[in-house]
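Take a look at the following structure, please.
To keep things simple, chains are lettered A, B, C, D, E and F as they appear, and every chain counts its residues starting from 1.
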Amino acid sequence: MILPIFIASLLFASSSFAAVQDFCVGDLNGPEGPAGYSCKKAAKVTVDDFVFSGLGAGGNTSNIIKAAVTPAFSAQFPGVNGLGISMARLDLAAGGVIPMHTHPGASEVLVVVQGSICAGFISSANAVYFKSLKKGDIMVFPQGLLHFQINAGGSPALAFVSFSSPVPGLQILDYALFGNNLPTELIAQTTFLDPATIKKLKGVLGGSG
Amino acid sequence: MILPIFIASLLFASSSFAAVQDFCVGDLNGPEGPAGYSCKKAAKVTVDDFVFSGLGAGGNTSNIIKAAVTPAFSAQFPGVNGLGISMARLDLAAGGVIPMHTHPGASEVLVVVQGSICAGFISSANAVYFKSLKKGDIMVFPQGLLHFQINAGGSPALAFVSFSSPVPGLQILDYALFGNNLPTELIAQTTFLDPATIKKLKGVLGGSG
Amino acid sequence: MILPIFIASLLFASSSFAAVQDFCVGDLNGPEGPAGYSCKKAAKVTVDDFVFSGLGAGGNTSNIIKAAVTPAFSAQFPGVNGLGISMARLDLAAGGVIPMHTHPGASEVLVVVQGSICAGFISSANAVYFKSLKKGDIMVFPQGLLHFQINAGGSPALAFVSFSSPVPGLQILDYALFGNNLPTELIAQTTFLDPATIKKLKGVLGGSG
Amino acid sequence: MILPIFIASLLFASSSFAAVQDFCVGDLNGPEGPAGYSCKKAAKVTVDDFVFSGLGAGGNTSNIIKAAVTPAFSAQFPGVNGLGISMARLDLAAGGVIPMHTHPGASEVLVVVQGSICAGFISSANAVYFKSLKKGDIMVFPQGLLHFQINAGGSPALAFVSFSSPVPGLQILDYALFGNNLPTELIAQTTFLDPATIKKLKGVLGGSG
Amino acid sequence: MILPIFIASLLFASSSFAAVQDFCVGDLNGPEGPAGYSCKKAAKVTVDDFVFSGLGAGGNTSNIIKAAVTPAFSAQFPGVNGLGISMARLDLAAGGVIPMHTHPGASEVLVVVQGSICAGFISSANAVYFKSLKKGDIMVFPQGLLHFQINAGGSPALAFVSFSSPVPGLQILDYALFGNNLPTELIAQTTFLDPATIKKLKGVLGGSG
Amino acid sequence: MILPIFIASLLFASSSFAAVQDFCVGDLNGPEGPAGYSCKKAAKVTVDDFVFSGLGAGGNTSNIIKAAVTPAFSAQFPGVNGLGISMARLDLAAGGVIPMHTHPGASEVLVVVQGSICAGFISSANAVYFKSLKKGDIMVFPQGLLHFQINAGGSPALAFVSFSSPVPGLQILDYALFGNNLPTELIAQTTFLDPATIKKLKGVLGGSG
């Protein structure tokens, strides 16, 4: 059996628009638009653009929350730019906590790889959903809702989380309220916390005002 | 000049799929899917399905926050189902506050119609953006980020807000943390607030646990 | 209670891709793509990028239609770029008319702030939906359909309209037909209007051909 | 070489959600939602659901406009439901005209199969783009803009058009203005046509009021 | 400090549309639409709808390919319905292979949890990208492209994969070609394989024709 | 009747953002993003950007497969950039075959213009759908699934195909497997073909390794 020569002409056509067609590896130095980074030239793309080793080791959990989040969003892993997906790694030492937070731009699914984790979220209807997850369990957190993860055992826990966007965002509640220069008075008025509590937390988190 | 008879046949074709084609007025009793409510039969749709008068009067602001939010999301105003847009009305008496909250599913734009309002939001990069808005000013709040509105004058303020979804959702921070049965211990661990503060706020907001 | 140092490392990560993550304030001088303008560098974004005062005053209604439309689309208000929403202001003096038009790229919701307005639209199935709206009423106009607004009272009317896109577009029927160089013969053939009527309207609207 | 037995277990899993997974042939009797018709059970789907023969013969062009449009939208061809595409057939006898119209929900691409066609559209910026197309030429019409097609030769012309949605909608300008009960006074106010012209066209197109 | 009673009225409003607003847990017995399954009533949703334990144990790899895929798509894990994300578990015994396949509806990201895996994909421009991944490495596979995974070490390998859709689909090349009743002649004509090879593979994979 | 001067001010506003508003003709030399090419300046856009004559003549079918595919994707026809649609032309001489392939990024609809074509696709649930199509028949192929077209008559066949994306991609199975440097061993392991068959096909298709 003999095969087509004709496909060569197709090849020329398709290779010229490969980047947009199948993928758009982010060029972090190029212009950004609402849909993400500019595409790296397809001719310069290699398999290393689609592989990321930064989640191979856990973050440092020698801190007060005994936990670390290591992101592989499009800023860290440009291969996911435009592909509607990204990941992160969660390390929770014994007693570790990923504090209450939201991802403004994505739903999340978490898989427990080691240890056990108590995870939960709160809905717009103010219902609370939380459960202790064991190794191999997965849990989904709908987009934009407050949620948290806590080590539920006495040994280190490890989880991988995936997001429905290469730029899920991350808004940690305490950090948003107490880690910047939002005036204490505005925080007090909009959260009903008393100024003394706010100022104490600002002191710890590096906020001012 | 004489005109086409032919169009009648087009009419028959097009009238049979009118609901999906142009709009999908929500049938609140039909099955819901990820994209919204089922469509009311097109033959039963009238102009009143596209008009909503519920924002004509302000909500009652005789409460502690001296404020009220009146939504016109697809649950209240089924005409916006599937159309990517919805509205709400904000009433702020003197001293009124719309507490810190997020809309998990939509960006928001606000127009001040009466009075003046101090409004702001906090980004994922933890930058704070807030400003005092006067009558006629508009401000946009990107999807899923914590934001707030406070009456910035001595007289009642009125604003209309629009959303980029018929189901923007609404998660009020205090209510999410202190208005349900999320255990005090979990809140303490994930927010760094002390249990006494949490229990006091739960008492006011009707939370338990 | 003491709080996390660890979050600082997250800060460095997230601040580097803040623009794409949460918002993409339009850089009107940068390249445009199908999803909108390029993003202004996040470090240069201030609260003023998210606030627009251009709708604070009405447009000039001392014209033949006694009406004015003032847009706050992404070209005027770059803060909405990529956020799926925008606004405009409608001023209708007594007798004022916003002529028959469409927004090719967005659904619209209108709120009457002053006066009364008769508004309507025509569906693909050729059904007509119109009603006189009073202060506080809202009405939704599905994407791409012909619609209009007319002052229904004897005093000035004011409305704000919101769109499900930062670039809704605006095609005013008379202007599209009679305000450019589309040949009279083509207009006559495709609208069944007689050439004399077309030429008269072209004269008024500045069209030629 | 021997091959996997294991795949059988995958088969059971995948066959149970086949309809949603790859396609969703419309069940015209089931509930509709904003994203389209309900899906026919996958087990009852046959190749005939994906094939449509209704465009094989031209519509009747023995009418005043000497033209016919035959749609294959999801209401006629349920196989395209949910797939983001649909088609129609245009037949233009000598002198035939597809009058000025819009598709509120889709962009369109046209290919001339027989004869020659003068086609054009008008942009939101009021620019006019029209050209005489010969056999084999294709032209694209962006979503929601007024456009038209006219037989540019002395013999019958045939074209196929495709749309970027299974429910593109179709709003024929004359029909929208003069083929229903929209009051003459409202039409006059919003189009600047005089009432006599409007009433004459209503008479021809079957409108009232 | 005393807090708002007013929020109770918001509660009533928001609780009535909770299902659509934040999530849409799939009701596998209700009607399906192009966007997914119908939503389970929000009042009946519990945390167990958002947690899935089916990936806790590996599939049986005592088969010829020495591998197993265990999906958690919306058919298995209805909590992800409408949320734009899903997962699966890959188990590869020593010598195990996930054969060449595509996901027609989603991009994929894979994380190696145990062992080492050689993974790769082929682009539309016919470029080949493959690499040996070690524990902790992640790799992204753009939507719809042919890809594969092979155990690259001498011990069992485990990976979790996430998808940018709750219904990614799965088309295994060999199975699609040789595991059904697609006539041998058609396969031969469209793949250039000789009929004897095809019939042999059909024999193993259970195909006929 | 006299008409509005006011519209001129609208003109200035709208003309400044025309490119993004209605269309985004691709600038093949500008930066690309995940949503497509940068937009050509609106002021330089002419009707010729929206018309493409490259499908007017068939490709050369004097090759082994006796067939040719001529694309009009955004790389060839920049006018469709961002508009969610594109086309291609299929020419099949007697005995011609478009080999098994997928479009990773789009659904396809085909219309037979001349001759007869046997077309089919295979679903994720491994069901086979194929049929002989006659002139005027249309068939839809859901996104990302393997499909093929074969001349079913004794004379040349011609079809036009449309896609639900300006960058549908094209992955021809034989070419992907045997037309590049993917190692024979990897192909053998992931397709169950024997190395001799693979090497023979590589020889014909220009592959190596």
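Odds and ends about this structure:
The rule is simple: contacts are C-beta pairs under 8 Å (C-beta built on N, C-alpha and C of every residue); 3 or more make two chains touch, one makes a residue touch a chain.
This one's a predicted model, so the numbers in the text were calculated from it and none came from an experiment.
For the pair chain E and chain F, chains touching both partners: A, D. Residue contact pairs shared with A-C exceed half only for one pair among B-D, E-F or C-D, and that pair is B-D. One rotation lays the C-alpha atoms of chain D on chain E, and its angle is 120 degrees to the nearest 5.
One inter-chain figure worth recording: chain C and chain F are separated by 35 Å, centre to centre, where each centre is the mean of the chain's CA atoms. Inter-chain spacing, taken between the CA centroids of chain D and chain F, is 21 Å. In this assembly, the C-alpha centroid of chain A lies 26 Å from the C-alpha centroid of chain B. Annotation for chain C: residues 1, 3, 11, 14, 21-22, 31, 33-37, 99, 104-105, 120, 123-124, 126-127, 130, 142-145, 169-170, 174-175, 179, 192, 194, 201, 204 touch two or more other chains.
A complete list of chain pairs in contact reads A-B, A-C, A-E, A-F, B-C, B-D, B-E, C-D, C-F, D-E, D-F, E-F.
For chain E in complex with chain A, the touching residues are 1, 3, 11, 14-15, 18, 21-23, 42, 45-48, 50-53, 55-57, 72, 77, 79-80, 83-87, 106-109, 111, 113, 120-121, 123-127, 129-131, 133-145, 160, 162-165, 192, 194.
Against chain D, the residues of chain B that register as touching in their complex are 1-11, 13-14, 16-17, 19-22, 24, 27, 30-31, 33-39, 81-83. Listed in rising order, the residues of chain D touching chain B in the complex are 31-37, 59-61, 63-65, 67-69, 71, 73-76, 99, 104-105, 167-170, 172, 174-175, 179, 200-201, 204-206.
The touching residues of chain D, when paired with chain C in their complex, are 97-100, 102-105, 118, 120, 122-124, 126-128, 130, 142-146, 148, 150, 169-171, 173-177, 179-182, 186, 189-194, 197, 201, 204.
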